[in-house]
Amino acid sequence: MGLAQLDLFDQAMLLFAALVLFTSFVMLAQVRIVPLIHAFAWQGALLAVATALVAFVSKHPHLYLSAGLGFGLKALLIPWILHRLAVRLRIHHESESIKHPVLVLLGGAGLVVFSYYVTLPIVQLSELTTRNTIAVSQAVVLLGMLLMISRNKAVAQVIGFMSIENGLFFAAVVATYGMPMVVELGIAFDVLVAVVLFGVFFFQMRESIDSLDVNRLNRLREVDEALSEAEPRQ
Amino acid sequence: MIGWAMAAVQCLLFVATAPLFAGWIKRVKCRAQNRAAPSLFQPYRDLTKLLRKGVVLAYDASWIFRATPYVVFTTTVLAAAVVPLIALRLPTSAIADVIVLVGFLGLGRFFLALAGMDIGTAFGGMGSSREMMIGALAEPVLLMTVFTLAMSASTTNLSEAVSFTLHGGLVIRPSFLFALVGLMMVAVAETGRIPIDNPATHLELTMVHEAMILEYSGRYLALLEWASMIKLMVYFVLIANIFAPWGIASTTTPTTLALGVLAIALKLMLLGIVLVLWETVMAKMRLFRVPQYLGFAFLLSLLGMLTHVILESGGH
Amino acid sequence: MIALWLVLLVPLTGVVVLALIGQQRYAGWLNIGFTGAALAAALALAYGVLEHGPLLSSGKMLHIDAFNVYLVVLTAFVGFTTAIFSRPYMLHEVERRQLSARRMRLYHAMYQGFMFTMYAALTTNNIGILWVAMEGATLATVLLVSLYRTPEAVEAAWKYFILCGVGIAQALFGTILVYFAAARVISSTDEALLWDVLYDSAARLEPTVLTIAFVFLLVGYGTKVGLVPLHNWLPDAHSEGPTPMSAILSGLLLNVALYALVRMKMLVDGSLDSDLAGHLMMAFGFLSFTVAGLFLHRSRDIKRMFSYSSIEHMGLMTFAFGMGGALATFAALLHMTVHSLTKSAIFVTVGHAAQIAGTQSIERIRGLIRTQPVVGWGLLIGTIAIAGFPPFGVFTSEFLVLTATMKAWPWLTVPLLVGLVIAFAGLFRHLQPMVYGEPPAGQVAVRANMLPVMVHLLLVLWLGLAIPVFLSSWFSEATILIAGSAPQ
Amino acid sequence: MSPLVLAYLALLGALASAALSLGAERYPGLLRYGSFALLGASGICAVLGGAWVLLSGGRHSAELALGLPWLGWQLAFDPLSGFFLIIVGLLVGAVSLYGPGYMRGYLHRRRRESLVALGTATGLFVAGMYLVLLAADAFVFMVAWELMSVASYFLVAYQHQHAANRRAALLYLLMAHVGALAILLGFGVLAAKGNGFTFEAMRAATLSPTWASIAFALAFFGYGMKAGMVPLHVWLPEAHPVAPSHISALMSGVMLKVAIYGLVRFCFDLLGELQWQWGMTVLVIGAASALLGVLYALMQHDLKRLLAYHSVENIGIILMGLGLSIIFLANDHQVAGILAMLAALYHTLNHALFKGLLFLGAGAVLHSSHEADLNNMGGLIRRMPHTALYFLVGCLAISGLPPLNGFVSEWLTFQATLQAPVLASGVLRSILPVTAAVLALSAALAAACFVKVYGVAFLGQARSRHTKRAREVEIGMRAAMAALALLCVLFGVFPTTVIGALGSIPLMLVGQGPPSATTEGWLWLTPISPEIASYSAPLVALALVATALVFLFVRWRALPRRRAYPWECGFGEVNPRMQYTATAFSMPIRRIFAPVWDVEERIEESADSVQPAQVASIRHQLHIHDRSWLRIYEPIGRLVITAARRVGRIQTGSIHAYLVYSFLTLLLLLWVVT
């Protein structure tokens, strides 16, 4: 059914979905830390709003709760923590150079197409009005991974990780009107702990390799210097 | 019982006449080389002289050194006992077949080689090393030739094999021809004749058999010499009776036996002459030519085997 | 039922208590106490299940059947013995590496936390909670991996965290998809994540969705299992963390991840009529098996080496589970048990060996048998057991796997055997110089507690000689649950 | 009371001795007397039980409540197992006599090896061998088989302070493992077709010729690996020498036989319909092993290594017998087939005896002179007269000389090959005699080799200080060697009796006994019929005994005899360095068969400082390598290493790469499934 047949709220919901996807691309393109964090916060906020809309449309009151949860966590708390960390680690002015930024963005676009293609069978099954957004959520997940792959700064990787979480959250909301509450809570708890731990790790990294550049983390590997020690078989 | 008696007699005859055969060969050889020849019975005189002499032993000689002559003599006599000389189907021929015969000679060689190393001189070791090398190469050839016969006669029992050729009448078997030549070559090699070895010389670099028994004297030497004469005769009787069994006694009546004696005597004289001619025209080989010589012999025996399989028994 | 709750509550209280007083010297004893209590509860639970069959807690929160109950016992047991080993070991570490009291507190608390997540993952009836627990396991152990704060440790921990986090996220997406499929056929959406409900209505779930879901679940939980090429975190985490951690990671975490994977496979198999899931698992298992075998040849760090061997064995199990069929499944279950017993024993021994030599580098560990026979022989015999020599249990399971393969996929046996041989050669060429030969000057024995090793190896030996009736009946029931029929 | 009880007792005895030696660290006496005594008892039980079942025939089965839940350990005890059990028992008995004395050498060492390891591993090793022979299902068979391998691995690695020994042990265990897995697969084929691991089920299995051949190939590979056939023999000369000598005796004398047992059991009992191509393979490989084994042995001058290579040779001879048997049976010539089988079995028994004897002798020499290298020995016959005598018997036996046992079995093998004319196929008819020639060649070379061994080690003059100081070994060790030597003689002189006893094995496997081997009474051995071939070992022995009497009489008469220096070509004194060394002795053969080895020979002449024309000193270096090593094994090793390096590349250490892996895996899978 075309967009026109949908009522306004649905249309708005789809709009927000599109915006969420857009923020993912923004993050993908954003090279400076603080704006990156802000973009992430925006994504969280948009996500929360979209969830609230879904709640309103589909009359699932418990979704309001998860919307609130998402907002508090993903739009306020986590960005705030990350920002503070960035400041305390004095990396909030740093920016990093991405190799072939254009290629990365094109790849991201390709991922969107791919995820649409993959989720097509699912979409055809669903009769929820929100079904088209499953592709979007999966795209957000994949884009998050792409972000992690393309960045060298630990903070950026964390944000990528979080945006994957966002994608999942969004998927849960739009595909199935949210998971059972207990699961939602569990996930939220895990995410929170994860962020805290990430914070701990920033400092640990800082003190061990005094940098947050994950490229420096390459001591543990099996490439060729092992060969010299490898004694002849017999 | 009579059979056993016959067998004993034949064996004794064999042992007794071996020096005669050696004497015959020496004599013919001298004649062939225009030298004054010793009498036919010279070997007997040598043996008796040696037997009378006392023994000188090297300081390091152990009991092996002293036991060896007896072992060698016995094994050779055993070998002689199983070879049909004048009569067939004697009980002794059942004691051992041709493979065992080879085994006997091998046992003798084993001890002889040990004795060579017992003294701890360079010569002994040299002789043993060469002897074992030649023996190792000669043995398969010998067995191959014998197997050719054994397979056409479908037996390894010598007297059975002989009677097979005897009663088979005159059949021309290409395989036998090859086998004959192969066997003769092996015989020459095994009995230490030219071109493999020269019993007449003690030249350090060339001697094989003599190097091993260099330290022997007195009765020990006598036994060894005698044993080698018997060995020589064993081979030639083997050749004579397997490839030309005619005249050998298959029944034990006086006439046939007399005929048998006559026949074998003639064959041996003939073969003696052949050997002498061979030795006169040949020159002693270098040690490392020996493998080629024996290899050729092996090839012949192999051909004999194959011709037997392909040409003679292809049918059934 | 009480036992069931106890299994969960004991470690939870353990977390709290040890988080408060974990820094004391006697905390090690407390740790042993808690794990021991959990073991007792687990045994009681197992006994109950053996008597009255599977049970489902009120509110359908927890669910115990033949499959997970023996894993609970195994987990509790290995956790217990490892705790016994960890007490003197960590004290020695404190002396040697100056671990601060704070870190010891963290260590003990997180040890219990990890155990709790394991139990939760095993006993829960809700595949969402299962996911939460698996993620929780990562969170609980990640700080322990970086306990020593060396650059390598931090790096390993970071990789562990990121890779497992991302991986597990895929699993969550898969879970969501399963939920999505289930929500369409199951009336009450609150029950749509409950294992028993899902399992009963598996046939009605939408195949296409579940196919995609399984892909995500495979990648997700497969990362935890350590399937090549998702395995890269595993050797790092094992080699850099404290040895007791390596022991329970190898002995428990991988098992539980595989458990989750198999549960999902059961669902998918119920829905799909093709055994696509099985083939995927076979492929991954086989790849991991061979690649890990080759990696063994290149290891320079003893703990890395044995973690590669873990990958290899997990690969073999995944392969067997994927192959399905009564014999293979039985073999895989047996292999799970013997592998975690043997491997944890080996890691315990390796810990002592590393303390003796003062390094984990294979080149520098020499002459263990001469220095401390009990450690040297322990390592040697443990390795012989893990390499699949009878009369140890690993041989039994490998024997069954091979014969099952010979029945189903005759031609796969050949590469399988080649893989086994390569892995064996890789292990032994590194092992021999370490245990044999003359020790370097000044190498002295350490205070070692080899009791866990002995117990584990004796158990493995027992399993190799004869599988006790109750255990084999467990396995058979589990096999019936998974594969539909019991081996005979 | 059934033979099984005795078998159980043997098994328990071995296990008990293993358990007992756990205390050996504190009380070495426990090992030297307790566990060896138990081993001896178990050996006796094994011999008795084996003899019982061999003579009475029939199969006694049992099931132990061990192993898989749905399949206990199946045990069966039939003439075949019985025969091999006798072999094991005999050697174990001898070793238990020999061991305590030999252990002395390990007790008074500065750095003492763990006696616990030695005793326990020995016990388990023996127990494993017993169990292999009793096993009646694939599972327990494999368990026992690997137990045997692992235990013997510990024994090979026993003196592990030498890196060479460690390498040998690794190689040994590795190849044993490969072989075991091949065997396992072989069983797997049968089990898959006959659905069941029990031998009963496997016998019932019906295989397509292809699958049967695959099963045979796997089994032959596996057992051949253990038996040490060319080219899978490389582990053998490495592993056997480095173990303590009595263990070497067990490994070379018995363990290889257990592999032969497996082959016989698998081919003749389980596999059902035989195919002549298998026989051909076994025959040809056997011939190759026999020849190459002895050729390599000739080049050795480390005594135990040399003996190990001779094991390869004798295994080759046994395989030839089996191959012939398969060929004949596959062509329905039962008589010839049975003859060949008996020849193989007889040679198995004989090889166990004389190889055990020789290894024990080598151990005795090592024990009292601490020399393993022939080129340092010499003149031992005067210092160790008893050992010398027994060793001589062993040498004669292994060289296949009448009237000793080695000759009988080789003679039977020859007789079997001479049955070739009965075969229809001309190819076989022409190939069999050739293999016979190969057998003859290897036998003759073996004789040469043992002339070398005995002449260099025991005769002549001592070449080293140690050897000069050698003393005769103690009574127990001598008794062990004497017993084996006596058995060698007995089994050589009364072959007819032995053949008669072996009759029940072909009766079980083929369904009929040896037709006419024993018809002429104990005095005459007539494998096919008196007309075709006959051999009367007792009479031959009689003649030799007569000679011996004459000899002794002459010595007693003490005819005039004078001692003097040997002829030394005019150089003053004859000194030991003038003697032929082992290397020199085998030089002609090295020249002749040069292509067989990978010989690297270097001669460095250093010119005299005063007159450069003159050569002051000559250094001669000779290294002889095993070709199969360079050709086959090193390439495989390199292959694995390279593969490992390639694979190592994926572990780059960069987290991005890892993320990419999982990312791509995900995408790939998604793409695959949709």
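Letters are used for the chains, namely A, B, C and D, taken in the order the chains are written, and counting of residues starts over at 1 for each.
Here is the rule we use: a residue touches a chain if its C-beta (ideal position, glycine included) is under 8 Å from a C-beta of that chain, and two chains touch if they have at least 3 such contacts.
Just so you know, these numbers come straight off a predicted model, no measurement behind them.
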| item | value |
| --- | --- |
| Maximum inter-chain contact count - chain pair | B-D |
| Maximum centroid distance from chain A, chain identifier (CA atoms) | B |
| Whole-Å separation of chain centres (CA-atom averages), chain B against chain C | 78 |
| Centroid spacing, where centroids are CA-atom means, of chain A and chain B in whole angstrom | 99 |
| Distance between chain centroids, defined by C-alpha means - chain B, chain D (Å) | 35 |
| Euclidean distance of C-alpha centroids - chain C vs chain D, Å | 44 |
| Residue list for chain D, restricted to those that touch at least two other chains | 170, 640-641, 644-645, 648, 651, 655, 659, 662, 670, 674 |
| Residues within chain C bordering two or more other chains | 158-159, 162, 166, 170, 212, 235, 295, 297-298, 425, 429, 433 |
| In contact (per the touch rule at the top): chain pairs | A-C, A-D, B-D, C-D |
| Sites on chain A touched by chain C in the complex | 118-119, 121-122, 125-126, 138, 141, 145, 148, 154, 157, 161, 164-165, 167-168, 171-172, 175-177, 179-180, 182-183, 186-187, 189-190, 193-194, 197-198, 200-201, 204-205, 207-209, 214, 217-220, 222, 226-227, 229-231, 233 |
| Chain A residues within the chain D interface of the complex | 114, 117-118, 120-121, 142, 145-146, 148-149, 152, 157, 214-215, 217-224, 226-227, 230, 232-234 |
| Chain C to chain A touching residues, read off their complex | 126, 128-129, 131-132, 135-136, 139, 142-143, 146, 149-159, 161-162, 165-166, 169-170, 172-173, 176-177, 179-180, 183-184, 189-190, 192-193, 206, 208-209, 212, 235-236, 239-240, 295, 297-300, 362-363, 425, 429, 433 |
| For the chain D and chain C complex, residues of the former touching the latter | 65-70, 114, 139, 142-143, 146-147, 149-150, 157, 160-161, 163, 166, 169-170, 173-174, 177-178, 181-182, 184-185, 188-189, 191-192, 197, 640-641, 643-645, 647-648, 650-651, 655, 658-659, 661-662, 665-666, 669-670, 673-674 |
| Contacting residues of chain B [partner chain D, same complex] | 54-60, 62-64, 66-67, 70-71, 73-74, 77-78, 94-97, 99-100, 103-104, 106-107, 109-110, 113-114, 116-126, 128-130, 132-133, 135-140, 142-144, 147, 150-151, 154-157, 160, 204, 214-215, 219, 287-288, 291, 298, 302, 305-306, 309-310, 313-314 |
